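Dropping the structures in below, format is structure tokens.
Consider the two complexes below, in which subunit A is the common component and subunit B and subunit C are the respective partners.
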Partner chain A sequence: MTGTSAFFLRREDLVPLLEELAETLEVVAPVLVEGEAAFATWRGGALALDDKNPLASPMEFFLPKKEVLFRYVQYSGRYTFSEDPPRARLIFGMRPCDLQALKVIDGIFGAELPDIPYAGRRRSTIIVALNCTSPGEGCFCRSMGSGPGAEGGYDLLLTDLGRGYLVEPGSPAGVYILRAHQRHFEEADPEDQREKERLLALAGEEIIKRGPSLNPEKIREAIDGVDWEEAGRRCLACGGCSLVCPVCHCFSVLDQGVPDGERLRCRDTCILSGFSRMTSGANPRPALGERLRHWYLDKFVYIPEKTGLFGCVGCGRCSRVCLGEVDRWSLFKEAAE
Partner chain B sequence: MKMDRSKKEADANGGTKIGRAAGAKPESYLPIQAEVVDIDVESSNTYLLSLRPMDEEDELVAVNYSPGQFLMVSVFGLGECPISIASSPTREPLQICVREAGKITQGIMAARVGDVLGIRGPFGNGFPVGSMRGKNVLIAGGGSGFATLRSLINYIADDRRDFRDVTVVYGARTSQDLYFTSEYGSWQAAKIEVGITVDMMDASWKGNVGLVTSLLADLDPVPGTAALCGPPMMIRAVARDLLGRGFIEPEIYISLERHMKCGVGKCEHCTMGRYHVCTNGPIFSYDVVGDLI
Partner chain C sequence: MEKIATICVYCGCGCGLFLHVEDGRIVGASPSPAHPVSRGRLCVKGWLAADFVHHPDRLKTPLVRKGGRMVRGSWDEVLSLTARRFKEIREESGPDALAVLTSAKGTNEENYLLAKLARAALKTNNVDHVARLCHAPSVAGLGFALGSGGMTNPIRSLLSSGAILVTGSNTTEQHPLVAAHILEAQSRGATLIVVDPRRTQMAQLADIHLAPRLGTDVSWTNGILNLIIDLGLVDEDFIIKRTEGFSALKDLVVQYTPVEVERITGIPSGDLEKAAVAFGEADRAAVVYAMGTTQHSCGTDNVLALANLVLATGNVGRDGTGIYPLRGHQNVQGACDMGALPSVYPGYQKVEDPAARERMEAAWGTDLPAEPGLTAVEMMEAAEEGRLKGVYISGENPMISYPDRDQVMRALSSLEFLAVADIFPTETTALADVVLPVASFAEKDGTFTSTERRVQRVRRAASPPGEARPEVEVAADLLRRLGVDADYASPEEVMAEISSVTPSYGGISYQRLGISGLSWPCPSRDHPGTEILHQGSFPIGRGRFSAVEQQELAEDLDYPLLLTTGRSLFHFHTGTMTRRTHLLDRERPKAAVDINPADAAALGVRSGTMVVVESATGSLEIEARLTEEVPVGTVYIPFHFAEAPANQLTARTLDPTSKIPGLKRTPVRIRRAE
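Take a look at the complex of A and B:
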């Protein structure tokens, strides 16, 4: 394998490659779970790559909905603790928007006080990303600058060219995989590179054609103009939007078991009324409208202040699950361009 | 509401870097174990617990903190909650003052001498004790918020010459709800002016009845820097009173309470606008949070 930076993987070689990788790593990929595409541990067989980006995002493998922070075992009044080491994992098929979400979470969970469980998983996960050549309805990654093409943050990047995939390494780990499994790869043709650019440009146009393009800077300004009380009346406070959002990361901590047991971390959401309620009963954000407003302020104002990146990556998942009638992006009509 | 964060944080930081202390591994969710070595009853529903880290490598935690910082205290099986450090780093042992509120605080209060609690921390910024030096200091507390101020008062008392006029005003519901009554004499002996008041009169009480603000009228503190902790109503009233006396907003420091689950700026329970009370606070100056409390 010479110094060329792009390779070609034939379509029929993808599954055999993943099978080889799965011998030493847990491979996570979009697969059909009860008829729906979802990121889950791949146990061989078909991949659900034709569908849109799964509702269940790969963030589950960095910040699970429920995890054991540590176990405690009591012996004559004293405790011993144990933590699970992170698993070596490869995530296949992660889209550019979710890669961007990972960068945002890096800015929060890897910041001044790093989150040990997250940092451990981050270090032991190999990311094989997939450029978005057929974007889903409701996607607006282009507006948020997170897609349809990935920019960095992956170990390997694949682009579906029809008869196979263009494969580009983005890290030493990616180069290592290319070397170790080189029988599956051939050197890419310069024409493949041009084909990739053409497909991504088409995807970008497709996104614009389908939905309004939003200007995040204008959303920031539009937040103050929204009638949040009214929006609060249409929201059911189900918390679905937060559960599918790859950037949402609110959690609660609770213990299970006496005298031995586990301290668990579970996903939570600031949309729920009890989230900030204090022991005194005082609640800093008692009205649902105020909590919705905070949700947006965090994504479009506070997270950018902390990480330099918007806290929304334009994956469109929140709109896909909303049971209420908070048609989020029509809240910000003024922000459409 | 704009501010220069790096400057504010440096200024608002009492000397200890935010949430970092040797041995305490604040970035991990694993607590260290601390043995309860003494228990004092402060009121019918409030105990003062003295703690000693069990492992030698964790001993620094007991002295390496600033007044105003807090710990995440665990009772394994019940959970973890934020509790202010009630002692001063100038004196051992490490102490927390816990008031019964729900299951975790009840669990802490059920501990006997010799039992083990988990602690993580210290967390938060603490009072800016460095910049308070050389100034007049007014300390105003209401209800159970007085625990964190006791840390500051004893810190000042142990370094008294570095501060100018020091005044403490403190109010509780009844005389039975007053904390640290045995220490007021030692504060006065250290030339700290102390005013105490209660909301409700009872047979055993011979002192003031009324709001903390009425003590301010009596004691007439000279403007300088102020440290406040208590219910929001009291904070607002005291801050307004102090501003009327010539105190300035950036010199009025308030210790805030929020629901907290992690203490390290991740879980988002404690957010107040753009701030995390656990890492950016719990101490904020009035110019920053005046319109948020």
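Take a look at the complex of A and C:
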């Protein structure tokens, strides 16, 4: 198994491969829950890979919605602390958009002073990505340059070619898996590679055709032209857009329990007024429209300044969950016109 | 990580969501994409639905009062004490000295067993729950007019409406997923009419906003009907074929001319006409209402007037039409269905009906009391007067949610024995003789019935903390200790019994409850459930019009302002769960009274000023918030906050039919705090 950069995994070999991997790792994969794909611990059986990208991004395995940073126990006036070590995990079927989100978060939580829990989970997680050959309705990754094909950031990359998967390693860990489980893999035909390119090109065209051709630069320019007051009028303040966004990462920290308890880190959202409200009660972003505007500014101005990458990966989830029927991306179409 | 499909614990929308569970702990929630109501969306409370579950304040061990202090007891100790005290009180003072308040937060199975506990074990019909304070007028009013107090259509039916009249409902805050459907219908061309004294977000989004004075609902409803009759927009065919009593109503509503309605309600006659035309001309029109309609001492009249409107325009029994009483709790519909009401058995079979009683006696293998019992607020009065001596309260917090808090305090304190089951310590558990720690919605199996009569599966995602137990087990244990067979291996077996004694649940079993659940009536195993009621006929034969008149409104010069109460988007009810959800409590950390800037100027009050609000019942100190969301002369306080309990001010003026207190209109006066 040397000298080749791509392999082929037959469809029927996927489950046996995962079974072997699950012996040593927690395998997380899209499985059907109430008829919809959701990332959960895989316990054998069918995978839900044909469905659209699950609504809850696998980013939650790197940045949980709620995590215990440490536990504190008081004894005779002295505190002792304990933390849980990160667990060894393999995430199977992560899509290119979510992979791009991980790169963005690496630029924030993995920057100079890395966030320890994040870095721990990052190190202990193997990523098997899956290219999007049949993109979902609201997807616009192509416009944001984050899909439908993944570029780096994975340990293994799979592309569904119908009769099986083209498998490409992206890291030493990926190569190790290919070697350790080599009986499941065969060398890929050069034709397979061309088939992959063809499928991804088709998918890319499909995305451009289906969705508005959203250009991040244009969105950035259009932000000031949007009628935010009107958008805010219709916003029902559910916070769903940031709770579902794979790039949103703001958190608040709270200690629960006296004298013993836990320090929790919980996902927060700038859509809530409490996020920016100061102790005095003053709020630099008092209206919902202003907070919505901030949400976009963060994605298209502030995060790019910090990481060099856009804070939107085009997964379309914010529009899927918007309770106020605000078509998140048509805002910009109107502003551009 | 596991993703467990279950139903949200907050409002009556009944949204499907997934709880994300890692190592036995719930670490997040997300909407169920295929669920018919949530459709991949949730409100902010839904996204944070399970945040309180592992809060350190959870009740973890049974508590018993000894020497004035609450100390830890064993389950056997507290349950045998509870059973013994109930037996003693029954022997000394008769069964009607006992009562059970069940919980709209509990499952159907829990409510069923607790109602059974009252009737079959304690031998009293003194069983009620929070529905008394929310939709008792709907059960009474729609029950009379249409033959069923349930919402006539599923929520998604609103998507086909041409006009939607929303009244007494702060829908975007209280039933956000219903609001999402309404706004979607509006974007498809439906006219949205919102009737609310406050300028809520819903009112701001409306095509037509009518802002009546508090307590004048019958007038504007009759006024709209009068205009619709005048304009020839009634459905005469429907009136002739399917209803009775129209002529008496017609004779009455003539008096409610636009000018007269404007005089009573303050609604400009032109706006009333616009609303009447939009509602009357729509091929499919719907009426959506909630507590702003029902929580009045004329609550049943308000509901009857709205029923008149849908009957006269033939807006019943078809997709896109109907009347939608929005239930406030995720299982208040189910608690009513299970007979947790003083006058009915499961499935609204009347306790006074000898045939129904005989059936239930045969099913439960014991004799049952024949007289209807006390309603919730009446129980508080009976307790204060010493007629009621022993009460079991499941997950309710009357100290915050019932009117006239001081009286509730006196009532509960004067009981000989009070057992309270809850998930958190509350102002009510503080008064208890025994406290029973029970499982939260995320820690038990069962079913909830949503506002659209949709019976859905609730699933255990984590273990209850400490020694806490699902209340279905607690109720079964108490039943056995009081001599009633209750050997249920699981909640599923309780549901099997429910379906055998409840005609409308006859076909419901756990196996059949898929992602969309089943809407009752579902009388048999092969019945697909009923999403739209009253297609072709009413259970009572013909729909009944009621000639209801505007009540005289008491005015008091000493109390020149009118207080109305409600809930915030970010909190639920008495706040036991949401105030322990970090992001929600941060969003709305304290109570405030909303005052119109014009009133505030007259009072010399600014935003942030502490004021004293006084009514004939009581007074409280609270921060003022200036907003034009309330009209001049009206003030508003959300009732979630124990620090400034709005119900310190409200009175126990009851609607004569449904016994709901008039929580939505209390004369008050305001002054700056010293």
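The rule we apply is simple: the second predicted complex is superposed on the first by the 333 of 337 C-alpha atoms of A that agree within 3 Å, B and C clash if a C-alpha of one lies under 4 Å from a C-alpha of the other, contacts with A are read in each partner's own complex, and residues count from 1 in each chain.
Everything below uses one rule, namely that contacts are C-beta pairs under 8 Å (C-beta built on N, C-alpha and C of every residue); 3 or more make two chains touch, one makes a residue touch a chain.
From a predicted model like this one, the values you see are computed outputs, not experimental measurements.
On the superposed subunit A, the positions of subunit B and subunit C stay apart, so the two partners fit side by side.
When the shared chain is aligned, no partner comes close enough to touch A:E20: not subunit B, not subunit C. In the overlay built on the shared chain, the residue A:G239 is in contact with subunit C alone; subunit B does not reach it. By the document's definition of touching, of the two partners only subunit B reaches A:F81; subunit C does not. Of the two partner chains placed by superposition, subunit B and subunit C are both touched by A:D268. In the superposition on chain A, contact of A:E206 is made with neither subunit B nor subunit C. In the superposition on chain A, A:K66 makes contact with subunit C only, while subunit B stays out of contact range. In the superposed pair of complexes, A:H294 makes contact with subunit B only, with no contact to subunit C. The three-chain arrangement built by superposing both structures on chain A places subunit B and subunit C 80° apart around the Cα centre of subunit A, to the nearest 10. Looking at the shared chain after the overlay, A:L55 reaches subunit C, while subunit B stays out of its contact range. By the touch criterion defined above, A:E151 lies against neither subunit B nor subunit C after alignment on the C-alpha atoms of chain A. The least CA distance from subunit B to subunit C in the superposed model is 10 Å. Residues 252, 254, 257-258, 261, 268 of subunit A lie at the contact with subunit B in one complex and at the contact with subunit C in the other. Of all residues in subunit A, only 69-70, 72, 74, 77-79, 81, 83, 108-109, 111-117, 249-255, 257-259, 261, 263, 265, 268, 270, 275-280, 282, 284, 294, 297-298, 301-302, 305 touch subunit B in the complex they form. Against subunit A, in their complex, subunit C makes its touches with residues 1-5, 16, 18, 20, 22, 27-35, 40-44, 46-47, 51, 55-56, 172, 176-177, 179-180, 183-184, 187, 201, 204-205, 515, 569, 582-583, 586-587, 589, 608. Taken together, the subunit B residues at the contact with subunit A in this complex read 18-19, 26-30, 33, 54, 76-80, 101-102, 114-116, 118, 231-232, 257-259, 261-262, 264-274, 279.
Listed in rising order, the residues of subunit A touching subunit C in the complex are 28, 33-36, 38-41, 55-56, 60-61, 64-67, 233-234, 236-240, 243-244, 252, 254, 256-258, 261, 266-269, 272-274, 281, 320-325.
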